[in-house]
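Chains: A, B, C and D, in written order; residue numbering restarts at 1 for each.
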Amino acid sequence: MSTRQNKLPKWKHRLHEIIYEADTPAGKYFDIILLVVILFSVVIVMLESIEPIDKKYHAFFNISEWIITIIFSVEYFARIICIRRPKKYIFSFFGIIDLLSTIPKYLSFFFIGTHVLAALRALRLLRVFRILKLVRFLGASRILTKALIASRAKIFVFLFFVIILCCILGSIMYLVEGTNDSGFTSIPKSIYWAIVTLTTVGYGDIAPTSSFGQLIASIIMILGYGIIAIPTGIVTSELTKNKIQTSTQACLNCNAINHNDAADFCYKCGHKLNDANG
Amino acid sequence: MSTRQNKLPKWKHRLHEIIYEADTPAGKYFDIILLVVILFSVVIVMLESIEPIDKKYHAFFNISEWIITIIFSVEYFARIICIRRPKKYIFSFFGIIDLLSTIPKYLSFFFIGTHVLAALRALRLLRVFRILKLVRFLGASRILTKALIASRAKIFVFLFFVIILCCILGSIMYLVEGTNDSGFTSIPKSIYWAIVTLTTVGYGDIAPTSSFGQLIASIIMILGYGIIAIPTGIVTSELTKNKIQTSTQACLNCNAINHNDAADFCYKCGHKLNDANG
Amino acid sequence: MSTRQNKLPKWKHRLHEIIYEADTPAGKYFDIILLVVILFSVVIVMLESIEPIDKKYHAFFNISEWIITIIFSVEYFARIICIRRPKKYIFSFFGIIDLLSTIPKYLSFFFIGTHVLAALRALRLLRVFRILKLVRFLGASRILTKALIASRAKIFVFLFFVIILCCILGSIMYLVEGTNDSGFTSIPKSIYWAIVTLTTVGYGDIAPTSSFGQLIASIIMILGYGIIAIPTGIVTSELTKNKIQTSTQACLNCNAINHNDAADFCYKCGHKLNDANG
Amino acid sequence: MSTRQNKLPKWKHRLHEIIYEADTPAGKYFDIILLVVILFSVVIVMLESIEPIDKKYHAFFNISEWIITIIFSVEYFARIICIRRPKKYIFSFFGIIDLLSTIPKYLSFFFIGTHVLAALRALRLLRVFRILKLVRFLGASRILTKALIASRAKIFVFLFFVIILCCILGSIMYLVEGTNDSGFTSIPKSIYWAIVTLTTVGYGDIAPTSSFGQLIASIIMILGYGIIAIPTGIVTSELTKNKIQTSTQACLNCNAINHNDAADFCYKCGHKLNDANG
């Protein structure tokens, strides 16, 4: 029988409970210790990058890194072993993050500098809401994710348009300011400037100096003023829509959801709905 | 009887009226004088920090500071004495602010520079709307506070995500630009840069110089363009919701909802509505 | 009779028609010529400020300025003369602008540099929509103005809060960075920096250099990220509200407006409304 | 008969199918090859502007440019020939873009530097959504375009007001900071600074140094904080409106509106609705 084949040995079952769930005390302890280790490892990667600190504690950092890497490796394999369908975990969002969190130290044998990628471990911290059972925050993050997914087509079209616009504006500025000594040395650099300007970041490392260049830059900025309104409008209207559809009724007959707040009958099959207030 | 035990002596009652309320002329005068003293003290702290001015008027500033500190100390104790449950005041928002406004000058005996914290007195000015009975502004601030509280889970999740994102983007930029002489000297500094960029502040004290660094910076900026839309969307949808659900009346006759705020009669059946204010 | 006393002589009536109205050909010509003169005068003020150009054409600019000032003076007095209640014009928004547009050249006799204030003439250009009868734009500007006026209490409370916040953040940064050589030389300068940062302008003329200073700056920036959402939310929810109240019905009985879209009866007096669709 | 006169010869008809449509395999291949050529040509224009790369591959770039220009010229004439009413194409948005994409290389005979305008070819990439039949993105771009067109009057009035405001603020800053050595050398430069500040770009190439200048700059920035909310509010309220009025169906039985987009039955009385798509 298929259920038997899928049945895990008892120790695997127990391991699964500890690693993947946070309902038993053991599971809870495991998760919290893991969070602390992740935080610790992220802090070490950062401190390591500060030269004077690294010089002083290099050996300590190196050993800590190896210990953490081994812990993560063991955890990664444990996660694979104790699950029924390992592929589902390996190719999931957190499965990939877990792998990327483990390999940088191994990679550093072959490529210099790659251990910095260990900072990707920070992404593992996103689990914190689930582990600490912060339902309120989980709900909030689900609403935000949903709104972003719902508006991804619009945001993609918008960003595509912004990039093309920056290419053109950059080229025009290169034409206008290219001969001056103001940093517009090539079209890609000018495009970089256009992006810096249109997103209102404005470093000032490259800035027009001629009057005509400043005039065109002004026009670009005022344009950017109008453009910045668009992604906000997209996300807001999506979030507002979520707000309006607060009805949680489902039709008894056809299970359709998203009923109008004032609905008495199912919009899908015409079946009478339960009284929302009774 | 409990009411007798709680009964304050008459002079305490009178003091309470003056300090905590603004309905009697004495209470009003007290509050306005206090506001003026606070404003004066804040201005002094600022002027004191400007070296040439401080040199010239150092004695005057010092004496003024002491007088103000004594006034605030007296006021603080008066507030504690004349209230029935002092703890409720001491641990309230304004109670803590009042304490923090009073102690910096005392602290300056032990720690150098701490008198600057006297700038926290500015927070006491937030009382101005209540004191001057600016009902309109009080209502506005209540709506804003409510919208922020309602959306605090979403904003918290969002900021948590932004911080993790900045950690990762900072590490990547450190990997790309770390060897160049462009300010990315360590991961924490690169994270600082990522925050400066993603929030579109863009000081320009650290800025990528290599082509590849500028390419990644461009991607980060365009990403930040989309991300800035999210908190705005959160707050807006919260404020909009407030707008839509302003009336909670339902018609007694036909049960219709969504009545106008000023409605006296049901828009659906013409039946008289209950008086909203009575 | 009062109407006789108020009756203007015929030439004043004709003048009023030309100056204040744009329905007759003469009135239209007058307005368009005025717009051209205003534009011309604004351009001259700007060019005058560019040293090499001013050196070359100083005499021309000076004479032009005087001619324009005389034209504006004559126009200003004509406006006062030909109106029944001059005070209503003098203290209106455009009356004050007109005066401010006229006096700078006279003031320049007494105070050096004040002729630059002639740039205030640009405000007179706001009349352009009314003069050119651009109804669409007039409507748009009315909606925007209405939304801003409706949300002015909230925006005021918000800006008041931002200013107090900047005072405190500035003082903290002065405490942290004041001893470094990074521009935080006094509290007012630090407050200026806090405003530059919180509004995401980010010049970079003052920027933290110490690690601790950059940490606090990061917190301020992420805070500012959340705060920038608030005014947008305020204005948006106001503009959205306008959108929702699209019904243009007025009650036949009590003349109340702002009826619900689905309304059959007046919410004010219960009178039957006209059928919106019939 | 008119239809006969308009009838194109068979080869023109076939050409039209290939060039303008993407339903046949030939049409699809043509469009994809064209997209690749456009992308290639845009990349070449950019690389050409980087001096060290241009020096090395100048001949290759020049020849490629000519080949691309010839391809585009042939395509442009083919488009004109095979269409019934050539004027409709020539003066359409994409017709003008196609022409502008073709001529820069020819223009470079007469004017130096104009070949940079070839970057306008990037605009041709906007066709990508139509060619690849990305319906989702096409719909998204249509919604965005619609919202922008609907709010163009408000945005125009807003930008007009911002420009006038910047003129005045710039003049005031010139008056305050003009004598200092902080970059406010003329009114146009000060206006440029005002635009840079109000749009929160903040390069920092020009920044006030005097206390009074920084005070006024602070006021401008806080003002800009409120102003940036307006375009966002405009676009958002427009996009939200689109969301709310997505269904225009009314029930035949009870005349209820605001049906769900997917509704087949009235939510009010359960009556079958008309098929929205038939």
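The rule is simple: a residue touches a chain if its C-beta (ideal position, glycine included) is under 8 Å from a C-beta of that chain, and two chains touch if they have at least 3 such contacts.
Since this is a predicted model, take the numbers as computed values, not measurements.
Peer 1: Could you quickly compare B-C and A-C and let me know which has more C-beta contacts?
Peer 2: B-C
Peer 1: Report the chain whose mean Cα position is at the greatest distance from that of chain B.
Peer 2: D
Peer 1: Validating interface symmetry: for the copies chain C and chain D, is the fraction of residue numbers used by both over half? Same or different.
Peer 2: Shared-number fraction below one half, so different.
Peer 1: Would you mind pulling out the distance in Å between where the CA atoms of chain B average out and where those of chain C do?
Peer 2: Centre separation, chain B to chain C: 28 Å.
Peer 1: Round to the nearest whole Å and give the separation of the Cα centres of chain A and chain C.
Peer 2: The mean C-alpha positions of chain A and chain C differ by 41 Å.
Peer 1: What residues in chain A touch two or more of the other chains?
Peer 2: Residues 188, 191, 200-204, 228, 232-234, 236, 240, 244, 262 of chain A touch two or more partner chains.
Peer 1: Show which residues of chain A lie in contact with chain C when the two form their complex.
Peer 2: Interface residues on the chain A side: 200-204, 232, 236, 240.
Peer 1: Which of the residues in chain B end up touching chain C in this complex?
Peer 2: Per the touch definition, chain B meets chain C at residues 42, 45-46, 48-51, 113-114, 116-117, 119-120, 122-123, 125-126, 129, 136-137, 139-141, 143-144, 147-148, 155, 159, 162-163, 188-189, 191-192, 195-196, 199-205, 228, 231-236, 238-240, 242-244, 258-260, 262-272.
Peer 1: What part of chain B is in contact with chain A in the complex they form?
Peer 2: Against chain A, the touching part of chain B is residues 153-154, 156-158, 160-161, 164, 167-168, 170-172, 174-175, 178, 185-188, 190-191, 197, 200-204, 207, 211, 214-215, 217-218, 221-222, 224-226, 228-230, 232-234, 236-237, 240-241, 244, 257.
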